[in-house]
């Protein structure tokens, strides 16, 4: 798939819709703490930073997993879990440097985002455009284009 | 497979079916790539006698072999189909970045068959292709459609038609991005007849060379070779506009529908110095070290604010010389043609033809609906739009000069075309050379771009050697450096008398250009001048790992040329068709009248050199056997 | 190329799978003393506690090896490695190899105590150990050693209705993993469930005539029908040692950063090796699952010619004791000693944590309770990120936008950073 | 010897992207822009082309965000290097790089970036427009200053 949720935190206003739709679509429960995407907030600066599983290619969570339930799906590149075998030991949680693993206290297992199998609900419902779902090539290309544009604009001023 | 993407994509629009063909190494070696693939596919698979604008026609995009490597100027893609202009082999070549993306998406060629029920476009992304609805694009001009496609599919390169192609104007072009295009032979009309608005491609797959170090070395070597050409510096600076003054002086520039000779104010109006007036930036195609393209800004006058990539000799000749527009208007004309998706050459030529018919009283102002005159940009653009929309007389003119001439009694005298394809410039009356014979022998008709003496000298315009020879005009050193088999070189160039045998050189030049077009290399003079088959054979070997000699490469190029010739003969090409426009034999403009008999002599000499039958030009049996073609 | 892997544990399997992932053609052959497919020893206490069925212990089936084209020679012990001939001798026959990966793991160390060989003495390392413990139907159990395994098995057996005593030679439970305060919290949790905890006691004898009837420590006698020794692991290096492969100071196979032993073509990974600690740089024996798997990846990649270096072992212990998560990361206060260590401790109803800071870097963290965001702290420890740098990120809006996960760590270090200001 | 830097003057760039092909060829043995450490952004509508490569920041944000310290600044050469073996493929560096330089190899799953070809960048040798140069830092700064000064003089009508 080579697609990823690209987060532009500058646009996030912390509304939390992504958390709600994620929890609802993945667990059927309207409870943000079950959401696979989290908004971290720094109360002072008015900063809201959405955070979700990045689907690392060689994920540290998989290395840490005591039951080898975390696998990379070759066709899609997703980091997926065999939920029936998870014993909820939470070793993946400490080993994820991003803190993107989520403990589902109802099922007593650890879960992560699976990009809704290719059509992430959080992105669809994000009202500000902070969340985008795009190909990695596109993400890189857009960044470069922004830089190029800025350089040219600066070049004109200089 | 090293060097090649290794697969050909076939899209059948009638059946809505996409299939992939594996590229067999023997096929690749035999036909090299680019135009070679196109010729082989069309010759083998296209039935004779079909209507070019019917669903039976096929459109092939063949990416040159070296495309997708750092080899200098390797950027070119050939598009071919049965031409709606000539009814024979239609083909056109363009650079920019489309080929790199198509090859990067995993295909060496794209073969389009059939006809869609409603407007569609093809989206190719890394080995996968989709036929998608194009109703949001239909009716849009090329630039708008590209914008829409690029915003929908990130990072695509687009080949598409404008309104001209949609409306089946016979000389519609396929546009290659905003500013480039496969202009000649009406391929846009073929695409339009298939209801195919665009092909958007995107790919990140790598071209894997056989010998990495070798490829790096040969790329560097060829960069240096090209740079060592005396044409290099002028071409990096002025691009094709270098030719504006010599052509103008020689009378090789077609002026006012080829009715007048050199224009007195031409050098001042359209000499290469105009590049400096309009442009300060250059634009390159993929891997090119010449960057002959200019970014042009019109800073004053009624077209002020117009910015495009332009100032090629072709629009300057077509609209500046042939129609008498001023340079601002020429730039505007280029923009319009790019947006409408119409061949600059044919459009300019058809309109010039109409102007002359009006002047000669063959058609009247009422036929057109407004005043039309040389240099009247607004009227010219109005007529251009009428042609694109097929309104009024535009409907007739949209069929091309040859077909339009049949409409008006007495118009044939003023119709400037070869085999139905209009002529951009290189009036043979002004300058007879290898190029001009190449216009006659050109498979697609109508232009000089398939035959160019690898070392052509634009300093001289001497016709003292009659039709069989032209002046060589280079030093012995240049002769020695020319990459040609020794015996052939000795036959083609007579150093003592400083002459070039036009027939022999034509054959070599055509094969060489065919080789360039199959390998995806540009035929700009600095490249033609320095890059020969020997170095290309090395490049082919390091890229593909297939050991090949210069001789085998040239034979492949010859094979491709013969395949195209056989295609034409199958489509009913008559020996009598192969002639210049009537007025070239009858009027003196640009230089002396042409001598039909002498031309026939050169032609026959050429046929002999090619191994074709005298008079008819059909490839002889032994020629075909030598080339491994078994029709 | 034929690659032989000795051992069917976490390291052995990860090594075989990594090779297969990057090299479709390599011939892989695995040897194992046990005949089980791969299982997770870490889940054994969960099985004893009755949380998971026996079949879920297994991470693979025999056919999974076939699917990945891994040849297996299970059920017999490798007797010898002939390094010169590049052969391993198993069940009398020699099998040649091009590259060898030793992943023989570790074994439980049982101190030489009288009566430790009586029926009713057990260790907990393999599935067969658990099967025999359960077959024995324990009622009154003495668990010797209060490390993480000891604590887990004690808690699991308690859940199964056994009467459990936990005997530890050191002064507190989990002495190598937790410092005094958190250890006390854990002790309280265990005691509240009725586990008897005896610290600072050395077991002198296992009593009983034909079977276990009790134990005697230097302080008391405890009646029991089962003794489980959880007195720590030792690397399983006998085979390596007798084949002439070098052994390090801590008792594990000595390897370089590419996990090559001192013998050509022989790699070692997992619990049988000693590795460098990512924080101290000293040779250590860290028998942890995640380290073993990472080492296996590195060994496997080097084996197939990809130069990869092992970054070092990092201690992460996570225990769930009756639903409460206890985590220890990096070094403890005891290992660090007293000098130059800043200690930050905080406790409220939901969370206790202790942060050890040396030279402006976090060296260790122990936390009990709701430990959200601790992965970010783990990354800071492992990467030796200075808190100065963290602060720089926090104070720069542009940087924090790019590093949102730093916010996850903030609640643990905010106070320290405020002090610095 | 002073530190040499890649000095890019996009005004000279014509967008031929030979550098991309060369870079991927030298570093990966294949030709494709997607594996190139230098990328040319072409804007056809406004006609600029800007080659983008690593700025070799002193405090590289890509290294800052790397959760596994796979990106390190080599203090000796000034290069910022990715350690493939440590990279977990999380692509955070791609997002963190303010220049959009950091690239990601989807098939291998690792980030990659310019390493100056170990001190002798190949793209420079093939850049015929001299848009990419490898020159000492002070020379680069001088050149920048000169451009600014010339523009200033031009605008104020001195020259």
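Annotations
We call the chains A, B, C and D, going by the order they appear; numbering starts again at 1 in every chain.
The criterion applied here is as follows: a residue touches a chain if its C-beta (ideal position, glycine included) is under 8 Å from a C-beta of that chain, and two chains touch if they have at least 3 such contacts.
This is a predicted model, so every value here is computed, not measured.
In terms of C-beta pairs in contact, the better-connected of the chain pairs C-D and A-C is A-C. For this pair, subunit C with subunit D, the centres built from the Cα atoms lie 44 Å apart. A straight line joining the Cα centres of subunit B and subunit C is 71 Å long. The centroid of the Cα atoms in subunit A and the matching centroid in subunit C are 30 Å apart. In this assembly, the C-alpha centroid of subunit B lies 37 Å from the C-alpha centroid of subunit D.
Contact of a single residue of subunit C with at least two other chains is seen at positions 379, 382, 405. Those residues of subunit A in touch with two or more other chains are numbered 7, 97-98, 137, 141-142.
Counting only residues that touch two or more partner chains, subunit B has 204.
Taken as a graph of touching chains, this assembly fits none of the simple shapes: it is neither a line, a ring, a star nor a complete graph. Per the touch definition, subunit A reaches subunit D in the complex via residues 2, 4, 6-7, 54, 56-60, 97-98, 136-137, 139-149, 151-152, 155, 158.
Of all residues in subunit C, only 14, 38, 40, 42-43, 46, 51-52, 56, 59, 289-290, 293-294, 297, 316, 318, 320, 325, 327, 329, 371-376, 378-379, 382, 397, 400-401, 404-405, 407-408, 410 touch subunit A in the complex they form. Of all residues in subunit B, only 68-70, 72, 97, 100, 104, 177-179, 204-209, 212, 215-216, 219-220, 223, 227, 281-289, 291, 295, 307, 309 touch subunit D in the complex they form.
Subunit D makes touch with subunit B in their complex at residues 14-18, 21-22, 24-26, 28-35, 42, 44-47, 106, 122, 125-126, 128-129.
Contact residues of subunit D toward subunit C in the complex are 61, 64-69, 84-86, 92, 95-96.
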